[in-house]
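Common to both upcoming complexes is chain A, partnered first by chain B, then by chain C.
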Partner chain A sequence: MTAEAAPPGPGIPAKYSDAHSGDDTSPGGGLGGIDHGKSRARALKNSIATVLIWGAFFIALIPLVWILWTVLSKGLQPVLHVNWWEKDQSGAGAPAFDHNLRGARHAIVGTLLMGLATAVIAVPIAVLTAIYLVEYGSSPFARIVSFMVDIMSGIPSIVAALFVYAVWVTTFHWTLLPIASSLALTMLMIPVVTRSTEEMLKLVPNELREASYALGVPKWKTILRIVLPSCLSGVITGGLLGLARVMGETAPLLLLASYTQYLNQNLFHGSMAALPTMINDQALNINVHIAEQRVWGAACTLILLVLGINLLGRLIGHFTKVKR
Partner chain B sequence: MKNSRIAAASIAAAAAFGLAACGSASNDSSGNSASSNSSSSSAAGASAGSSASSGSSAGGSATCFSGSLKSSGSTAQQNAINQAIAAYTQQCKGAKTSYTGSGSGQGITDFIGKQTDWAGSDSALDPAKGEPDKAKASCGSQAIDLPMVVGPIAVIYNLKGVGKLILTPQLTAKIFSGKITEWNNAEIAKANPGVKLPSQKISVFFRSEASGTSDNFSNFLNQTDKTDWPDQHSKQWTGKVGQGKKGSAGVGQAVSSTPGAIGYDEWSYAITNKLNMAEMDSGSGPVALTAESAGQAIAAAKVVGTGKDVSLAINYNTKAKGAYPIVLATYEIACLKYSNPTTAKNVKAFLTYLASDGFQGTLTQVGSAPLPKSIQQKVQESIAAIS
Partner chain C sequence: MSSVTGASFTDETPGPEGEPPLRGDRASTGRLGDRLFGGMTRLAGGVVLAIVVLVGVFLVVRAIPALRANHADFFTSTEWSTSPLKFGIVQLLWTTVATSVIALVIAVPFSIAIALFLGFYAPRWLAQPAAAIIDLLAAVPSIVYGLWGAYIVAPQFAHVQSWIQDAFGWIPLFGRVPGISGGTTIFFVGVVLAIMILPIITALSREVFAQTPMTQREGAIALGATKWEMLRTTVLPFGRPGVISASMLGLGRALGETIAVMLILSTLPQGANWSWSLFNGGSTFASNIAANAPESISDTRQMGAYIAAGLVLFILTFVVNAIARIIIERRKAFSE
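Then we have the complex of A and B:
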C-alpha cells in the first residue's frame, strides 16, 4: 500500500497522500476528468472515503491509546520507584492490611529467566528446523514437518500447558518446577521462530548459494558461512519477537507456575514468580489500593519489558544488516 | 564482521542474565536468627500453650527455619496466612513460605499430588471421597487435619439505605435456593420491622470453584433448614440460582459492585470490601458477627478426629444466646511424617508459629477468630508429633 501511494497524488493534500489507498481513484479521476460534474461527484466520493477511512483509523486507535493511557497513568508511579526494581514482595501481608508497595524484582527476574530458558531451548530447534525446511526440504518428510509446524502454531497456549502438566505431574508425579513453564512456552515459541526464520532464509537470493557452490564450497559450509550470516539479523529479530510474545503469555503460567512472593533465581527449584502471575495474584484484591498499584505496576512493567525486547530486536536487526 | 554480530547478540543475552544475577541480596540464609530463637521449640508443645510470649504485638517469638515452603488452598484463610507469613518472615529472614489461594479443593489436590508441603482447607479430608487414603499414600504416613483459624462466614449484601438486615437460617436458605427472589418479600420484611426494603431483584453470588466456604455454608443451610436446602453439604456449590465467582475475594468484589446482591464470604473479605453483613437470628435474637459471637459457636464444636487428627464437627443448630452460628474452622492439612526431614522441620516450625498464642492473638485484626484454648492445645500436641 505504501509503495502505491508513495508518489503524492495530484490535487490531494500532501499530508494525506501516504496514509491510505482510498485516494488512488482520484489521481485517475483528476487526469481523465473532462466532465466537471463527474469529477465533482468523484471528489465528493473521495472526501467521503477519506473521512471514513480516517474515522476507521481513529476508531481502531481508541482502544490502543486507551489501554496505553490506563496502564501508564496507573502503573507508571509504582514503576518509577527504585524499590520496584530492587525488592521482591517478601514480607507482604494480606493486601488490606499492608500499606507497603514493595517491589516486583521477583516477578521481573522470573519472567526474564523463564523467557530466556525458553529461548535457549526453542531457538536452536526452530532455526535448525527452518534450515532443514528451506535448504533440504523437498522430501515428503519435509512436507510433514512443515504441516506439523502449522499445527503447532495453532495449539492454544492452555493446551500446551495441559500437555506439560499431564506429562510432568500426572504421568511422572514430579513436583512442578519453573522450568516446566519454560517447556510449555517452548512449544509456543518454536513454530513462531521457525516460520520467521524460514521467511528470512527464503529471502536470501539463490545466486549467493550458487556462487558459493561454484567455488566448490560444500553445502553445509554454504549454509553456515553464506546463507545464515546474510540473514542473521532477520533470524535474531525473529527470535526476539518470539521471545517478546512468549513472555507475555499467561495461560501456561497459571497452570504450571505457582506464584511466590520471593525472589527465586533457580529454574530447577521451588516456584518462581512471573509478571503475569503476579498480576493474577494481586488482581484478586484489586479494590484494595495497594494491590491495585501492584497490578498496574506489574502490567506496566510487562509492557515495558516486551517493548524493550522488541526494540532490542529491531536495533540488532538494524545494526547487523548486511549491506548489499 | 561475523564476530561483531555474534558479540552483539551475546551482549543482549548477557544483559538479561546480569539483571537476574545481581539480585541475590535477599537470598541470604539466616542461620543466626534460627539459633537465637530456638528456646521455645517444638518440645514445648504439650503443656506450653501460654509459654510463648503472650503480650507481644509482633506475633510472638518463633522457631525459625531457612529455606522455602510451598502451600496452597483455602482462600478463607488466605488473609490470615498472609499476615502470618509477613510476621514470621520479619523474625526469620531466611524463611520463604508461599501460600497460593486456589480454593480448598485445589489445595487438597495439590497436596495429594505432592505439589505442596501442606494444604490449607476449610474442610477436613473427606473419607467419602477417599481423601484420607490418597493423602496417606502420598505422605507415606497419616495426614492430619489441624484446625488453625476460625473463619466466620458473613452473609454479605449490597442494599442502598439498608444498614442493618436481620436474617433467619430459613430466610437465608430460601434466598440462596431461589425461593425468595425480591428484597421486599413479605417474609424478609417480617424479620426486619421498620426497615424499608427496596423492590429489587436479589442477585445471589456463590463460589465458582470447589471451596470450603461453600462446604461449610451449605452444611449450615442443610442442618438448619432441610426443607428449603435438601442438598448435602458440598465443596462445589449446588444452588440453582445466581452467579459463581472465583475466590473469596471474587465474591466480595462482585457483591460490592452489584446493587441488590447477596453472597457468603469469609469475614475478613467482608471487612476488606467494607460490606454490610446480615445479622443472624437462630431463635434467640439477632446476633451480629463479631470475634466473640463467632468464638462462642466454635467453642461448642466437638473434636471428631482420631489420633493426632483434630478435625471438628460444628453444631450449626446452636440456639445459644449471642452465638453467631455460621463459622468454619479452616484446617492446615499436613503429613504426620514427611519423607524429607528438612521439610518436616520447616513445616513444623511454621505450623508451631501458627498455633502459638503470639499469632492466634493477632487473628481478630484480620477478621478471623482465634482457636478456643482446648482445641489450640490439642493442635499444638499434634504439631509436636510431626516428624
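Then we have the complex of A and C:
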C-alpha cells in the first residue's frame, strides 16, 4: 500500500514489502534525507487528502444550513403568530389572507397525539425485546429476533403502511382511524428504541448483576431494579430519538390518515391531521400565498418539534453519560 | 429488598420502571417472577419476529388477487394502470434502482471522508459538535427535504443539468428527454437522497474506523507513514466491511424513501416512451404507492396492485439489509 507512494528501497527483499516494513524505514523514505522527489510526492498526497477530507465536511454543511435557512426564513413568520397555535384551518374556503385561517393547531395536536400513541405502544415492546436480547438471549431464537430487528429497521415506511392497510382494511374491513397510522409508525419506532436500549444494557457492568445475584436477588428483579435504572437515561434517549423519527414520517399518514382541516383529538374516531400531511395537502397550491405560508409554517413547526425532541434526547444522553 | 447495590443505585437514578415489582418483594417467589418476566421479554421478541413475518405473508396474500387479474406481465411491463388492472414493475424498478445507486455513488465517498474527518482530522473541540451537526441532517424530516429539493434547489439545479446535458448529452444516460424540463429528474432525486443517507453511512463508518487497533495505527506512524498513508493502510482496510454494510443500510433507506421522491420527481404521462436517461422523470415504488394509492384506497382490488409493488420493495430492502447484516456478522466472527 505505501509501496505505491514510495516503492521498496533497493536493499529490502520484495517479500517483506506487503508487511509495509521496507520503504518507510529506509533513509530515502519518510525521514526525508536523500530522496526528495518521493517524499515530496507523499507529502503532497497527504496534503491533498487533508484538504479533501476537510472540504467534504464543509460541503456537507451546505445542505443543512441551506435547509434550516429556507425553512426558518419562510416559515417563521406564520409560526410566530398566536393564531398558528390556537386555531385550526376550518373555514379555509372563505377568502384567504385572514389571520384567523392561518392556524395549524389541528395538525400540531394530531402529530403530538399520534406520536405519543406510537410511543406508548412501541416503547414497552422495544424495551422488553432489548432486555430479552441482552439478558436472556443466546438461543437461536434470540439470534433470529435480533436479525428481525435489523430487517424491521429497514422496512420502508410506505411498506409498513401497506401492511397495516392489508390487515386493517383488506382483511378486517374496518374503517381507517388515526390509531391505524400509529400502528404503522410503531413498526418504525420499535427497532430504533430496541437498538439504543440494547446498547445501553450492554454498557451496564456485569459486576452489578453478579453482586445482585450473590445477594439472592432473582434475575427479573435484578433487571428491573438494578440494570434498567442504571441505563434509564439511555432508554429515554432512544425513545425520544425514535419519537423524533416517527413524528417526521409522512408516507404512512398519506395512506392511512386522510387530511382534515378540523381539530380532532380522538385517536379512535374520524380522521386526524398531522403536520406532514398538512404540508403535503397545501403544497398542491403552493403558488397561493396563504398555502405557501401554511406549507413553510408547518415545515418550520415540524422541524423545530423534531429537532427539539432530538436535541432533548441527545442532551439527556450526554449529561447522564458524563455523570456516570 | 436486601440488595445494598440495588438500593444505592436506585437512589442515584430512581426509575419508575423499577418501583412496582419491589412492593411484592419476597425473594422466595423469584422463580415464578423469573418465569413471568422472562416469558414477557420472550413474548416481546416474538412480537417483533411475528410482525416481520406477517408483513411478508400479508403482502403476498393481498397481492395475489390483483396479480391474477393483471392484464400485463408484472415483471416486464412498463405500464402502471389500476383501472383496468394493467401493471408492471419495469419502470418503477429502473427509477428506484437508478435514484438509489446515484445516491450511493455520491454519498459513500463523502461519508468516508467525513467519518475520517470526525475521527482523525477534526480538532478535539470540534469533533463532538461536528458529529452532532452531521447527525442533525438525519433528523430533518424527509418531507422537508422534499420541499427544499422541489421548490428551492431544483430550479437552480436545472442550470447544472442543462450544462451536463450539453457536454455529455451524447451518452444515452445523460440524454435529453422531450417534455421533461426543470431539475426534477432522477439524477437530482439521487443527489437529494445522497444527502439524506449521508448521516447514517457516516455514523456507522466512523464507528468501525474508531475500532481500528491502536497498535496498527501507531505501527504505521512509527514506520514513517504520513497521516494519509496510515489511514489508507490501516484504518480503511480494517473498516472496509463496516463501510460496505453501512452503505447497504444507506441503500436500503434510499430504496424505500417516499415523500421526498414523490415531491421532487416529475411523473411521466401514461404511455410515455422508455428512456435510459437519468434526466427523465418517473416514479419509484414508494413514490408511486404514496402518490396514487390514496385514490384507490376504498377499492381493495386496485390496492392489490400497490400491495404487489410494496411487496417487491419489501423484498428488495429485505435482501439489501440482510446482506449488510451478514457482512457485519462475518466481520465479527473474524475479529473475535
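The rule is short, and it goes like this: the second predicted complex is superposed on the first by the 254 of 324 C-alpha atoms of A that agree within 3 Å, B and C clash if a C-alpha of one lies under 4 Å from a C-alpha of the other, contacts with A are read in each partner's own complex, and residues count from 1 in each chain.
In the analysis below, contacts are C-beta pairs under 8 Å (C-beta built on N, C-alpha and C of every residue); 3 or more make two chains touch, one makes a residue touch a chain.
Remember, it's a predicted structure, so these values are computed and weren't measured experimentally.
When the shared chain is aligned, chain B and chain C each come close enough to touch A:Val169.
Ranked by how many residues of chain A each touches, chain B and chain C are led by C. Once chain A of one complex is fitted onto chain A of the other, the partner contacts of A:Pro229 extend to both chain B and chain C.
Within the superposed three-chain model, A:Leu72 lies out of touch with both chain B and chain C [touch as defined at top]. Looking at the shared chain after the overlay, A:Tyr262 reaches chain B, while chain C stays out of its contact range.
Of the two partner chains, chain C is the only one that A:Ile303 touches; chain B does not reach it. When the two complexes are overlaid on their common chain A, residue A:Asp88 makes contact with chain B while staying clear of chain C.
In the superposed pair of complexes, A:Ile279 makes contact with chain C only, with no contact to chain B.
Shared contact residues of chain A with chain B and chain C: 169, 176, 229, 232-233, 258, 286, 320.
Residue ranges on chain B touching chain A, taken from their complex, read 2, 5, 8-9, 12-13, 16-17, 19-21, 23-27, 68, 70, 72, 78-80, 82-83, 85-87, 89-90, 96, 98, 100-101, 113-115, 247, 249-250, 253, 256, 268, 271-273, 365-366.
Taken in their complex, chain C has these residues touching chain A: 1-6, 9-10, 13-15, 17-18, 21-22, 25, 27, 29-31, 33-34, 36-38, 40-49, 51-52, 54-55, 58-59, 61-62, 109-110, 113-114, 116-118, 121-122, 130, 132-137, 139-145, 147-148, 151-153, 195, 198, 220, 223-229, 231-233, 237, 249, 252-253, 255-259, 263, 285-286, 289-290, 293-294, 297, 300, 303, 306-307, 310, 313-314, 317-318, 320-322, 324-325.
In the complex of the two chains, the chain A residues touching chain C come out as 1-2, 5, 20-21, 24-25, 29-31, 42-43, 45-46, 49-50, 52-57, 59-61, 63-64, 66-67, 70-71, 124-126, 128-129, 131-133, 135-137, 141-142, 144-145, 147-160, 162-163, 165-167, 169-171, 176, 187, 190, 194, 208, 211-212, 215-226, 228-230, 232-233, 244, 247-251, 254-255, 258, 276, 279-280, 283, 286, 295-296, 299, 302-303, 306-307, 310, 314, 320.
In the complex of the two chains, the chain A residues touching chain B come out as 86-88, 90-98, 105, 108-109, 112-113, 116, 169, 173, 175-176, 229, 232-233, 236, 240, 258-265, 270-271, 281, 284-288, 312, 316, 319-320.
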